[in-house]
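Chain lettering (A, B, C, D, E, F, G and H) follows the sequence in which the chains are written, and residue indices restart at 1 in each chain.
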Amino acid sequence: DRCGFGEVIYGEGKSTDLMIRIVEAQLDAGQTCLITRIDPTSAAQLRRHFPHTHHNPSARTLRIAQDTELLATPVLDENVAHVAVVTAGSTDASVAEEAVETLTWMGIAHLRVEDIGVAGPQRLLAAVPSLRKAAAIVVIAGMEGALPPTVAGHVGVPVFAVPTSTGYGANFGGLTPLMGMLTACAPNVAVVNIDAGFKGAYLGGLVAAQLITNDNGKHLNEQPANEYEGV
Amino acid sequence: DRCGFGEVIYGEGKSTDLMIRIVEAQLDAGQTCLITRIDPTSAAQLRRHFPHTHHNPSARTLRIAQDTELLATPVLDENVAHVAVVTAGSTDASVAEEAVETLTWMGIAHLRVEDIGVAGPQRLLAAVPSLRKAAAIVVIAGMEGALPPTVAGHVGVPVFAVPTSTGYGANFGGLTPLMGMLTACAPNVAVVNIDAGFKGAYLGGLVAAQLITNDNGKHLNEQPANEYEGV
Amino acid sequence: DRCGFGEVIYGEGKSTDLMIRIVEAQLDAGQTCLITRIDPTSAAQLRRHFPHTHHNPSARTLRIAQDTELLATPVLDENVAHVAVVTAGSTDASVAEEAVETLTWMGIAHLRVEDIGVAGPQRLLAAVPSLRKAAAIVVIAGMEGALPPTVAGHVGVPVFAVPTSTGYGANFGGLTPLMGMLTACAPNVAVVNIDAGFKGAYLGGLVAAQLITNDNGKHLNEQPANEYEGV
Amino acid sequence: DRCGFGEVIYGEGKSTDLMIRIVEAQLDAGQTCLITRIDPTSAAQLRRHFPHTHHNPSARTLRIAQDTELLATPVLDENVAHVAVVTAGSTDASVAEEAVETLTWMGIAHLRVEDIGVAGPQRLLAAVPSLRKAAAIVVIAGMEGALPPTVAGHVGVPVFAVPTSTGYGANFGGLTPLMGMLTACAPNVAVVNIDAGFKGAYLGGLVAAQLITNDNGKHLNEQPANEYEGV
Amino acid sequence: DRCGFGEVIYGEGKSTDLMIRIVEAQLDAGQTCLITRIDPTSAAQLRRHFPHTHHNPSARTLRIAQDTELLATPVLDENVAHVAVVTAGSTDASVAEEAVETLTWMGIAHLRVEDIGVAGPQRLLAAVPSLRKAAAIVVIAGMEGALPPTVAGHVGVPVFAVPTSTGYGANFGGLTPLMGMLTACAPNVAVVNIDAGFKGAYLGGLVAAQLITNDNGKHLNEQPANEYEGV
Amino acid sequence: DRCGFGEVIYGEGKSTDLMIRIVEAQLDAGQTCLITRIDPTSAAQLRRHFPHTHHNPSARTLRIAQDTELLATPVLDENVAHVAVVTAGSTDASVAEEAVETLTWMGIAHLRVEDIGVAGPQRLLAAVPSLRKAAAIVVIAGMEGALPPTVAGHVGVPVFAVPTSTGYGANFGGLTPLMGMLTACAPNVAVVNIDAGFKGAYLGGLVAAQLITNDNGKHLNEQPANEYEGV
Amino acid sequence: DRCGFGEVIYGEGKSTDLMIRIVEAQLDAGQTCLITRIDPTSAAQLRRHFPHTHHNPSARTLRIAQDTELLATPVLDENVAHVAVVTAGSTDASVAEEAVETLTWMGIAHLRVEDIGVAGPQRLLAAVPSLRKAAAIVVIAGMEGALPPTVAGHVGVPVFAVPTSTGYGANFGGLTPLMGMLTACAPNVAVVNIDAGFKGAYLGGLVAAQLITNDNGKHLNEQPANEYEGV
Amino acid sequence: DRCGFGEVIYGEGKSTDLMIRIVEAQLDAGQTCLITRIDPTSAAQLRRHFPHTHHNPSARTLRIAQDTELLATPVLDENVAHVAVVTAGSTDASVAEEAVETLTWMGIAHLRVEDIGVAGPQRLLAAVPSLRKAAAIVVIAGMEGALPPTVAGHVGVPVFAVPTSTGYGANFGGLTPLMGMLTACAPNVAVVNIDAGFKGAYLGGLVAAQLITNDNGKHLNEQPANEYEGV
């Protein structure tokens, strides 16, 4: 049976053959697979090999399952624990896509809120009521280190901030939003690696998953983690 | 009634008078108060003014409540959502104390695990079974940027890593453990500001609080956050 | 007559004697004097020497004039060009005091708004209507690199952001708020040196001064600048 | 009628369709449009769609209006508030072009002074008299962090310094001129993001616009800012 | 006779002709040659010129000897001093290949352990027994600054850590793993330059070589070093 | 019996009581103890408690053993594996003392060479013959990042470079010598943390210890490491 | 007549037409021209336009004069003031070529010493006698920050150190050798910008030129500098 | 006889006894001595021991000679090669004093120009004619990275720039002026270590000394350098 989440496969630098071998082992173990940072050519090759796949070229992800239903995006129900994925501007979209794919792979529903940079405060204020329904929020921004604490000031759940490297000027490969996000006063903001949409979503997904599991009387955190690392 | 958590008071640079005014307003509103980064002199003055206080000089915190029971440390029950607070070495202790005080102020029980730097792997392995019961883990380390991902590799819940500035050599005021913690492979590690024991614990506490609230059918995240910011 | 603004005297590293000589030359030339970064002992010595002075120990400034009226704070009239001075938290107060003294020395009225960090959005929203009356805004913050762009999103005038070195954790002597302020999306934010309350206010004051001068048909910017540099 | 300035559109990462939709909304609202960081192909597509456009390939900008007169460069009259745009060397030209386009879009006239690096002091001294007529000065430099304070020493108005990333050697993506500009002694220099010709000009344009508006009895800064952010 | 190790040839920026001249001089002096950072075209040209060569395209190395046996990989015998080469993930493979080629050129046998990042602790624990047989360990990691101290905690020999630049996010060209490796508590970790598989292996090889030489009563460290540097 | 080396005790931030408890456990286990970064007051207290101690105030170390002979400095015999400890200038002396104490604690003899900065090449050249007898060399320098590669160019054994934070000017807390040491061409230089005389010596000591052990047919690296970490 | 040195033309970012106009103005004024950072296409175009040119593609320089003799390399006479140009390795060659072209343009003879990295001390020692004849020494190194102070320890004249960006690993675009060169103990080393072969040579050339001019009773430093900056 | 310059003694971290022994050896060898970074107590002790001394407490230097005339400041004659020492502001004075003491010890006359920061251009322009008489110029600045290139634009001799750590705000221990000085366009600026007044002056002194020696037919640069390093 499925316990915790399988090990995500980091596609960069891996041969197609190696990825196929890992995927087969994970499928055999009853897990759904997520490959990140996969290039289009490799993705196409894996799609020819496995019947049930979902490729998101913008996210650079490939999901693979035993059958197609397992690849569907969970339906958002505001009474069930879910995660909001927020971006500051259009240059942050591909990192957000990676976050969304990760949540879907975890079986967690998401709310997507786009392009609410702090320079235009009206749009952020409009989104607050729906943001307050989420169990955790992933905020993705490259030019707007200010966005995560600003969002966090309106909610009472963990905010996972993802700095992106796509800003211009003194972005310094994402170092500047990273530092701004770390030092902001809001007490409910934690930060993950630059461009790490996967990590922000994984953490948000763990928060939601515990809530869902909890309702069913099972503790997710007693499950073994990272099972298939060694394939 | 109690909604979300009151606003923590950052004591540094605030006059005793100002702190007293903020505390009175928070108590009036039915909240328990937490002051961080308070110096011993100010703490003594506030303790003369308020009857029900808990001062932790190592943590540099002062908690103030309407009565003494509200200041008690919640009893750890491994079947109830709680947070583990882990340190790498003895120089990280005061940051861990701030974390523990924060959790207590939130009403969340904690498990304290000390001095399990990766250079001595036996102690970490011994702690794994109890760490796997926690709803979230706060890992505090100055010389051991390696500790959070190492801990995280053994569990399936969010790990909040707190880099400390007390390491020696190329610690660079905490920048080096911070960067090491951010870039480690473990997918379930998020990072907060250097020495921010308060923040790490606050985030861990939010994760646990949602689980507890959830059991009672009430959603923490629908509560207004940061109520008394403006005093 | 008075043209432009006299040269401010940077007090650090200057002997009392040297400061007295410079002040005398400036007073002879009909200028009001501003000394910044002056220690209390030197300030006391200069106050014994000159009859008309204003010492602000928190700002570490001393203003000296030919008579006492010239030292008065200009009265705020929202129909006359003035500058708002905004701080994120109580640790930013002394930099704000330096800004306020600078504006007063320039003859420019100011509006002081304190402690409106983005983690508590209610207070900022409440201040917006009065902030929108100012000709320029100086925003001073050490832990809240997010504050200047957040303020700037609500107004249509230049915002001069002053990062402070008094934040904790990854503040890095002010480098982190500096970078956050520089990279935020808001188009109307410019940044000055860390802790440079004087500079932020001087720039804001120049914007207001041009508006005032303009009404009287005289162009400030045609005046010679920095007259007494060489004393 | 026209109030404040419309929201500039950052073209990088936006589809042509999205840009067309935003432009149409802004034109409908009676605003002139400015797109920055637009690539030549997208610019050509938008020019086929809208009849009244001005494309500056060096600046990578496209301006779009309801009719052609609205795209004309305002005539420089030294008695009317205007902005000087100064460059240190020929590698700074494209950033200066972005600045010039921004001023034109704001309806503000400009004076262009090229290639006055401090290594050849004669040219700078020759330009001083005309620089002293401007309401604000934008100084753009990549290898000459020294230029903004040197210019500022000759004038009494705000200088907005724009560091560029095109210098060689220890330019470090613009970080070195940025730091040099921030720390120079001149009190009237503020800094914007690396390569942000748009921002430097926008701030200079706001200073000039207030002076112009003021003459007509209307306060620019009471206008709503950033109207169309949410399209 | 062969004493110490000949000078390795850094191939980048050297013409084929120059490399041929250096190799001929080294072969004449009775040494086996190692060229690092050689591009495929140059390697092909040298292989046409010299009869006994070993090209490793992933490592970007070329070894050249007087005859083919001298190019063979030494057989691993756990009772003879040898070096372990450990990688965290598949992106570190080419640096590990450079390390392996260097050890082979030195005549030192190696143990290769792949893909044991700390996020999956089972694989590392499985490798410990064989790692404890090595005279020195080279640990190569880009995203796992945590790996060298974690490995080092299980052994009592020198660990030479090689940070790689191929991680993503806040890797900063290898600076982040470098710093993490330097500051970890484990007392038996030393660090070499980023991507310097050659250096890590050379140091490990020197440790093993002294042990081997010592058995034969000859002190390696009395030999002249770096003989052919000047060709 | 004694296997490998006991765990060194990092004295900073530890109470006297805690250190006494750890020392007693280590002595009971038959190990000699080394405390580093111990302040004079704590050292005096421990010396009153244990009969056989060696305090080096410059090194800030305390060694404690079951009897006084175990504290003696091993006699240097150039035919037995030993370690050279080299400093660039007089400001590096205390770090060198920590290195020397560490080697003595390990039972490894050392050669001390002082003050051979590269600006005076005669002294370095004079020391080369004796440096070439050592099994490993520890080079300690704050202003002379150039020293380790210069020394390394004359020998064929591992050089462990220790950057110190005591240089002046652009030393940046040791970051500059650290970087210079990492990037130098010499293939036989590895670097440890800033001011980490303990680590440099520990690594050099491990190299020498293997050679000594090896002569006696016993493999040091098969011993369990870091036994008493958990006390 | 020729006084001081004309202004060098930085070719990057300049159109061919602009360069031709500047060159013509300089030739008219009786000066020899030096263009640096010129691409091959532009160089070819200028060579078609001017009859007397010298193109060095490795240096990326073009020299242009009134007639061909003025382009000849001055003959080295060890009794006449000249400059040594020293490189650490083959990757530093193009920067050295720029230095050599600059000296030739200044009419100063040079001594070229290649590939004397400190890892092979024999070659450096062999070069010392001829290095001690030079009036100044330019030392160019990317991986060998140690080279300038090592050279400087053998001579009593100014050493101008040029860090290069072509090293690998922790070179960080030249920042590491730059810092190493700045902090070395040798008192006679000054540093110029990364890859700035032109600057190192220009400074060395000024030292030599003063010595030559002085013999002829004329003081170079009384001449106007940088004449043609404004073309 | 006196050849080149004796080795300066870096006083920091040296015992009085050690300094006395070095000074005696240098005096015996017929050299005048310079100790830098000496504290007042040590200076007083050495003054009691040696009859002919010159202590400059601001510079933190002590000069010691065989008789008092050898300690006199050389008289400035504008026809004899000399060095100008320029400061931006009063906080740079102690570094300038170290420079002046160094020149005097070398027997080189100097011109002192104080407080000519670029914000007040009149004073710099007034100093240009006398600056143009110097053989080299040392420019010392902490807040005015702009000063060296600005000075250099007016002269045709080497400018040695000394960044100081005493600026405020984003000075970062001198890193910011250092970087600004390195990247400025002026071709005749080289940089030395932060606060290294000694080094800047030593280099300037070498330039002047060659000119003086040259007039007398003797080549300074053929003399052995750094004679007494080994005392």
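What we mean here is this: a contact is a pair of C-beta atoms (placed from the backbone, for glycine too) under 8 Å apart; a residue touches a chain by one contact, two chains touch by 3 or more.
Note that the structure is predicted; figures quoted are calculated from it, not measured.
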Counting C-beta pairs in contact, does B-F beat G-H or the other way around?
G-H
What pair in A-B, D-H or D-G shares over half of its contact pairs, by residue number, with B-E?
D-H
In angstrom, rounded to a whole number, how far apart do the mean CA points of subunit E and subunit H lie?
46
Euclidean distance of C-alpha centroids - subunit F vs subunit G, Å:
44
Give, as an integer number of Å, the spacing between the C-alpha centres of subunit D and subunit C.
26
Where the centres are mean C-alpha positions, what is the separation of subunit C from subunit F, in Å?
53
What residues in subunit D touch two or more of the other chains?
89, 117, 119-120, 153-154, 169-170, 172, 175, 178, 182-183, 187, 193-194, 226
Touching subunit G in the complex, subunit D uses residues 89-91, 93, 115, 117, 119-120, 122-123, 166, 168-170, 172
The residues of subunit A that touch subunit C in their complex are 88-89, 117-121, 143-147, 149-150, 152-154, 167, 169-172, 175-177, 179-180, 182-187
Parts of subunit F lying in touch with subunit B, wherever the complex brings them together
7, 10, 12-14, 18, 37, 165, 173-175, 178, 193-196, 226, 229-230
Per the contact definition, I'd like the list of subunit G residues that touch subunit H in the complex.
4-5, 8, 81, 132-135, 153-158, 160, 178, 182-183, 187-194, 198-200, 202-203, 206-207, 210-211, 214-215, 219-226
